[in-house]
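Take a look at the structures below.
There are two complexes below, and they share chain A, which is joined by chain B in the first and by chain C in the second.
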Partner chain A sequence: MAGAAGPGTGPGAAGGDGDDSLYPIAVLIDELRNEDVQLRLNSIKKLSTIALALGVERTRTELLPFLTDTIYDEDEVLLALAEQLGNFTGLVGGPDFAHCLLPPLESLATVEETVVRDKAVESLRQISQEHTPIALEAHFVPLVKRLASGDWFTSRTSACGLFSVCYPRASNAVKAEIRQHFRSLCSDDTPMVRRAAASKLGEFAKVLELDSVKSEIVPLFTNLASDEQDSVRLLAVEACVSIAQLLSQEDLEALVMPTLRQAAEDKSWRVRYMVADKFSELQKAVGPKITLNDLIPAFQNLLKDCEAEVRAAAAHKVKELCENLPPEGRETIIMNQILPFIKELVSDTNQHVKSALASVIMGLSTILGKENTIEHLLPLFLAQLKDECPEVRLNIISNLDCVNEVIGIRQLSQSLLPAIVELAEDAKWRVRLAIIEYMPLLAGQLGVQFFDEKLNSLCMAWLVDHVYAIREAATNNLMKLVKKFGTEWAQNTIVPKVLVMASDPNYLHRMTTLFCINALSEACGQEITTKQMLPIVLKMAGDQVANVRFNVAKSLQKIGPILDTDALQEEVKPVLQKLGQDEDVDVKYFAQEALSVLALA
Partner chain B sequence: MMPGIGVLTQDTLWCFSQVKGTIEIGATEADIISTVEFNHTGELLATGDKGGRVVIFQREQESKNQVHRRGEYNVYSTFQSHEPEFDYLKSLEIEEKINKIRWLPQQNAAYFLLSTNDKTVKLWKVSERDKRPEGYNLKDEEGRLRDPATITTLRVPVLRPMDLMVEATPRRVFANAHTYHINSISVNSDYETYMSADDLRINLWNFEITNQSFNIVDIKPANMEELTEVITAAEFHPHHCNSFVYSSSKGTIRLCDMRASALCDRHSKFFEEPEDPSNRSFFSEIISSISDVKFSHSGRYIMTRDYLTVKVWDLNMENRPIETYQVHDYLRSKLCSLYENDCIFDKFECVWNGSDSVIMTGSYNNFFRMFDRNTKRDVTLEASRENSKPRAILKPRKVCVGGKRRKDEISVDSLDFSKKILHTAWHPSENIIAVAATNNLYIFQDKVN
Partner chain C sequence: MSSSSPPVGAASAAISASEKVDGFTRKSVRKAQRQKRSQGSSQFRSQGSQAELHPLPQLKDATSNEQQELFCQKLQQCCILFDFMDSVSDLKSKEIKRATLNELVEYVSTNRGVIVESAYSDIVKMISANIFRTLPPSDNPDFDPEEDEPTLEASWPHIQLVYEFFLRFLESPDFQPSIAKRYIDQKFVQQLLELFDSEDPRERDFLKTVLHRIYGKFLGLRAFIRKQINNIFLRFIYETEHFNGVAELLEILGSIINGFALPLKAEHKQFLMKVLIPMHTAKGLALFHAQLAYCVVQFLEKDTTLTEPVIRGLLKFWPKTCSQKEVMFLGEIEEILDVIEPTQFKKIEEPLFKQISKCVSSSHFQVAERALYFWNNEYILSLIEENIDKILPIMFGSLYKISKEHWNPTIVALVYNVLKTLMEMNGKLFDDLTGSYKAERQREKKKELEREELWKKLEELKLKKALEKQNSAYNMHSILSNTSDE
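Let's turn to the complex of A and B:
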């Protein structure tokens, strides 16, 4: 707080030779109401500077009341304000005055925009920790009660997120009140509020005494889980995870499991989807015994659910479920109780289900070991590699590393090749793009020999694809391959083929040569670049198409640093100078740019 | 509670209350009202027009010294919701006309509504402001810049009361999800989603998310030549967040359950009345097309409007409606000329009163009809400026069919088909109705003794 002794101004305000130092603050304050949102936002983000200049007292008596009434603003300004106020305790005079921050945050907690409300609640939670126990009961708890019994549901939804922070520090009498308020929000008329309460149920349960969890939270949970609105019921599944962690196995079985079983068979697919989606968390929360008795059968049902969305969500969890099973007996359980259902899914009618499964199924091989993988999983992989949906094949290919570790990729390579070739020639360019991305990975696993024999020609074919994105990806792919297989391999297999394209009648292909050189020069090193690539680039400077010529200039700029000074001075410079006099403005521009970047000008 | 609802079982006397809109005959096309909707409390009434504007009326507080001015509706806010656009990819003009307005349940001091034209749904916030900040550091009261050197203290702006200002701000724009024209929007009872229906598809949106929506119904055939029916209207159940209905141009209604599967291509109920072979004609299919579908407030019934009738269906009976009301059966003999002047394709809407005991729908010649479901009595009323004296009681109208015309009756041949009442609204708990007649909005209420 510089200049705290400034004469005539409020305590803590900047003073002294102050007029100069006041000016920027004055601007900031005025811009809090500027018509330009960006300026207002900027000012709000520097609210701490303003508060610092005003001093704690004026911040409390003038700035905060003004901010409390400023909730008409744009969402982004309100969001920034809500965030700022969470860190404002020091600026209003420390914990003793933290309650001064409640009014503006209270109004922010009732706006209709969820992100703003959530941020206000987050800041309120933060500030609650800075209240003394007395201040908490005197100021914070009344605020929570006000919000909880507010007329509008926005305020009641915000209240739901505040119970858990004030409960642990409240006296017993107040605790009972807080629980009462939470109970009534759980049976609120509007589904919005019930949803907010359901989503905070787990968090609230964690701060409650175990007895209250059993006597109060469990009935609330059971009610919410049988709410008439499925949008509420599905949130109870999430709460289930937190509540389950708090209870003993015995209580869990008696109090929670009936509800969870019911949720897994809910009439609404969205609730079943939620169970599938939260499966790993549920599995961890209920422990191995209940998992075996209850969750595995439930999981089997989810895997053959009538709704594809549910099957897909369950399929996504197959690997995690198996990983989290206790090592003892895991193999038997998977082989007998999970694998038969997975086999069905491989030929599911819905492609999202198949592709979800394909994205995780390879992970099972590490869990099941070599023999099981070869005998049971390999046929599935092979079937998926032949799937009609490209996404399924891609997902298998992208996870090959898991299998490689267990059985080696050779087992698969015969089926892999046709799958790769087919994807490489798919009519959809996005599919082709996706498979290119996996080429370096495949090359590493299949080895240089297999690559040269089977895949190299594909990689070269992509260079002349009619879609630019594919040609571009293909050049990057070459660079990654060179990094993997080394310069000698590049010199023998890649570079000659690339350079031949320099005299292709199609100017797009000639440009591809340049792009390849840009990408490869660094990986190939000075010798190859100078001896093989540079002459071609220089020759292309005389190309009849201007686009090729200015790309020559760009390429020279790019490979220049790799070349030695002699080559630069004697070969590159004259060519660039000539291009600098080109009739085409773009060629001239890039040539001159290259000359100056390479310091040849 | 609901005053006046009990009276409905007897004959309610309707009297004139207000008329909005210009009196001049040459009203522009843009002024034609295209939708009318009360909010959930009835405190606000919104209209949309062909010019893309939304006008919101607010009911005045009842004042004790002016008994006859019982809660009049006055303009609260007017804003331009949609602008005309041009789809360059398809070379299509997109009209600004507001097809539907739906209010959201109130969530804080502001009001929210959805408005839609053919392609784009918008979420509007209508809020009040009665304070404004005063006091700058760098400017004086008159707005003149101050010399920075004279700034010796910092001023924090202070909020001062000002005249009430109502602002409408667009909060969300839900665009690019409809290939065909949107005919309906409906807010779900879960308060977090709504649906929008066009001729062939229904999409489900979350209010918070504008860049994606879920397609829940798609009846577009792979080959458009096989197209035999289109979706004409759709609405969510008022209490069960999982079910909704949609009506088709073939006169059928489908009830779907979103719990069953993500894509609601298979309906769970199918409401259809077998066709009477004796009435079959060239126009059968056109006049059986449903132009509006509405759930009753109780959620037990659905009402549908086709060209000549209003039907009430019980959700538990799919094979025929439980009630059928003739709106203007005298037009049956004139279908040929109505076809020629395109009137046969008019899309009349229908509404329930607050207790689901009376239904109202429009007709031609500025006539609108009410049917009391309990007494089975019906009445034809006219929205006209002729008897627009405050509290003037509306005289029932009669259309005479052939033969001798009695006094006070109007002959079918002299009906004005250019004056049609397509859009009406009924206050959610009181006997107040809003009737859109071309560019005028009439408000009527029951006579209070």
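Let's turn to the complex of A and C:
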């Protein structure tokens, strides 16, 4: 094979005989022309196999030109191609030949479909790293320039993602050109291109020299941040995070802050939303001093924004904002400048705002300490526990552990109980499911006595819920509770109640008994399983409903390993054998499966 | 870019627990809660409380000298906005503004010579102040326009009158575009176009007429308007998949395309191929498909040579999983075939009928049925008959197979009729195909096996290479260790 000279192929690669080396490309061409997209897709996905079979030289001289010429296909095929080519450097002969991959990727970077284009850019970025500095300037940079001055917006959008990867390794003259191209894309006629440029502004700023950041990036940022389209302005906010990290405090104050202040009060809610959404990142980027002077007032405004969307995004950030304040004076700032606004949000008109707040508010207790929590936060928690919207209550309950560390959960238990009971009986099963999942946590924090008094009956009631997912979750919940409270507790409180259900007229409830036994047997241990559970299971083998009978077989299979040999041989085996002769095929199947798994057959 | 744009709709902002909440509430239940929702503008709510309005004298009572001055005062008065989300505030002022707007509408439509040069600035200012606003976030991010009630604009009692005034102004015989273009400029149009995203269908309807008038009267803005619509569509297709006014904009474009001069400019052809055709991929195609198909057919009626690229484009984007969209595509193909020239038909018959043959054998009976209905169309039948030698071999396999296998009796009956029609067109070919059907299937199977064989060989070759590589590495290793042994 001619490619033997290429690095990495090794001396043995020349071994392929003439005929063998000819057919891969023929197969590929044939397959790429197949009418069935799926077949075309398959062959593209095996492109590396073909390249490997062809060897590096023929991959370069035959396969790649062929692929470059045939880019017309369905987007799905193109996507696969773009992805493959990113990992092709080794297959074309290593870094010295990486530039051979550029032509097909360049075409792919200009197609309409965003997914394909983005993948092509991703692959190009990958390959750029494999270029030598000389090859980068000779092949890669010209490609970026061609894309950046393409006619149709797609190539210019793709170019935006490539500047930052070639800039650091280019010579000074080329660097100036690259910056020039980026500048012109930032003021492109097409909003799509400006959006692409704005979204890469931060990334590009990071690889620039500080002087260029100040003299070139900042003006671009200011322009994009006052673009006529809000979709461009909001992307500038994102870039702000990266730019701010690069500048000194004075430069920040003079060059960036006026724009950021303006963004926080933008007339479009989307831009304000973005400021709220990126708040923690911004806070870290601008440092404590500007945070206190500028960001806190801005944050207060966002918390009382006219759009619920913005308020919710800001509410989500409350905890992070407070955490990231400098420890010195933090408490005062939170108490005086943040808490009053949070209090308002607790009774917001929009449930999403309240629920966003509820998901983070408990985190404040560790920051503010015991006394403040009891005096200021507790009333808010209690109010939210009584909120009309179940999500708000759920979010509070799901974060109880934060408060537990600070003031203990007892403070809350009086209000907690009604909230839990109400959620436990909520009409939406997903709400019930969510509260079940918190039961083990609550049980651990409230203690066994409180649990037995107030919550045990709820847990048992879920076992007979009319939604299967709830019954299933309730079963798992019991298992977790037993692990927490121990076998003695199980034997006294749970097991008898579960076993009673075995004679329930509703077959679904009878099956629940079996499911509970499956879940509990291991936690309860051999004695309880053998003495209390096994007899019930065996008795149910005579149930008139086939579903119950084959679940008996499944249960026996499940609890078998816990039982001793005597019980297995004398009690389980005869029952399974009988079920193995059942008239119902499923029962037969599961009985036989159990027999063979338990090695009783 | 997806990670950076904020989500549309309130629900997405606060998810943590809501994910756990039942996502399967029936739409009808939700609908009941949502009916008669309304929204105010996002911009407005940030403003403080308003000054109270005081009624001005009636225009018709003023002397002609005073009339102009009073007209402008009234326009200025109407620039003040009121919060309609608060239904009890400023009731008196709201009523005064409503009456004034009504009076203004009446004034410009019944009187001649009242739209004087000095009034344009105030007129456009009043219109801008009222209609240009940031649209609020959608209450319902999964808004399904076929199922859900749209959110209505709360300030409609005023905005409607402003739009009406705007239209009377544009349509007035006194209206002079040469003066108005100082105020109705690119920026104005840009803001107007953004309003097409309004969820309120009444507003979009007004906007449609307004934009149409502006396009008709301002020649200098035409290229700009087309370009901006272009951008809106591209953003819709490739970025957001969300824009409420697509159907309305397409409707305007339909008549714009109608007026294109021949030969078509490259710009217009590019719009067809790079915007209108990819638009068929949109999720909500059903909402604007009629208008879109109309635009496409308009283009083909202008320039028949576009038929081939258009049909190939549609075939490229042919829906793979959405039967409802497939039915729409078939409808559009029929509309195109209705106007196709026989020479153009020859160019695309092969790929087209391969697709139709797939549709005919779709297990979704509506798709199969829609495709089979082509055979009820006299013109299409005549085209098929003319090219029966090409088309019958493509169609035969599927038709033959479904006639034996399809689950739906209506489809089977339709297929029998189609087979009968085709047989009558060329009985000899039909008999030949029937005869070779089995052999054909077997040849296909054989080809399938060959393909598998080839790939297997290729895989082996790859393994062999990997092995060789490993061996050579191993050899190197053993050589080295041998040397060290010595």
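Keep in mind that, in the parts below, the second predicted complex is superposed on the first by the 547 of 601 C-alpha atoms of A that agree within 3 Å, B and C clash if a C-alpha of one lies under 4 Å from a C-alpha of the other, contacts with A are read in each partner's own complex, and residues count from 1 in each chain.
Basically, a contact is a pair of C-beta atoms (placed from the backbone, for glycine too) under 8 Å apart; a residue touches a chain by one contact, two chains touch by 3 or more.
Everything quoted here is computed from the prediction, not taken from an experiment.
Trainee: Is A:Glu62 touching anything from chain B or chain C once the two structures are fitted on A? First, second, both or neither.
Mentor: First partner only, chain B.
Trainee: Answer with first, second, both or neither: which of chain B and chain C does A:Leu32 touch in the superposed model?
Mentor: first
Trainee: Have a look at where A:Thr190 lands relative to chain B and chain C in the superposition and call it first, second, both or neither.
Mentor: both
Trainee: Of the partners chain B and chain C, which touch A:Trp152 in the superposed model: first, second, both, neither?
Mentor: Both partners, chain B and chain C.
Trainee: Which of the two, chain B or chain C, is in touch with more residues of chain A?
Mentor: C
Trainee: With both complexes overlaid on chain A, does A:Val111 touch chain B (first), chain C (second), both or neither?
Mentor: A:Val111 contacts chain B only, not chain C.
Trainee: For A:Glu309, decide between first (touching chain B), second (touching chain C), both and neither.
Mentor: both
Trainee: Common interface residues of chain A with chain B and chain C?
Mentor: The answer is residues 8-10, 13, 23, 27, 53, 112-114, 152-153, 190-192, 195, 228, 230-231, 267-270, 306-309 of chain A.
Trainee: Touching chain A in the complex: which residues of chain B?
Mentor: Residues of chain B touching chain A: 105-110, 112, 125, 127, 129, 131, 133, 136-139, 148-159, 167, 171, 189-192, 208, 239-242, 258-262.
Trainee: Using the touch definition up top, name the residues of chain A that touch chain C in the complex.
Mentor: Residues in contact with chain C: 8-13, 15-16, 20, 23-24, 27, 31, 35, 39, 46, 49-50, 52-53, 74, 112-114, 152-153, 190-192, 195-196, 199, 228, 230-231, 234-235, 238, 267-270, 273-274, 277, 306-309, 312-313, 315-316, 350, 352-353, 355-356, 358-359, 390-392, 394-395, 398, 428-431, 433-434.
Trainee: Considering the complex alone, what residue numbers of chain A touch chain B?
Mentor: 8-10, 13, 18-19, 22-23, 25-27, 29-30, 32-33, 53-54, 58, 62-63, 65-66, 69-70, 72, 110-114, 152-155, 190-192, 195, 228-231, 267-270, 306-309
Trainee: In the complex of these two chains, what residues of chain C are touching chain A?
Mentor: It is residues 1, 4-6, 9-11, 13-14, 16-18, 20-23, 25, 42-43, 45-46, 134, 136-137, 187, 190, 231, 234-235, 238-239, 274, 278, 316, 354, 451, 454-455, 457-459, 461-462, 464-466, 468-469, 471-473 of chain C that touch chain A.
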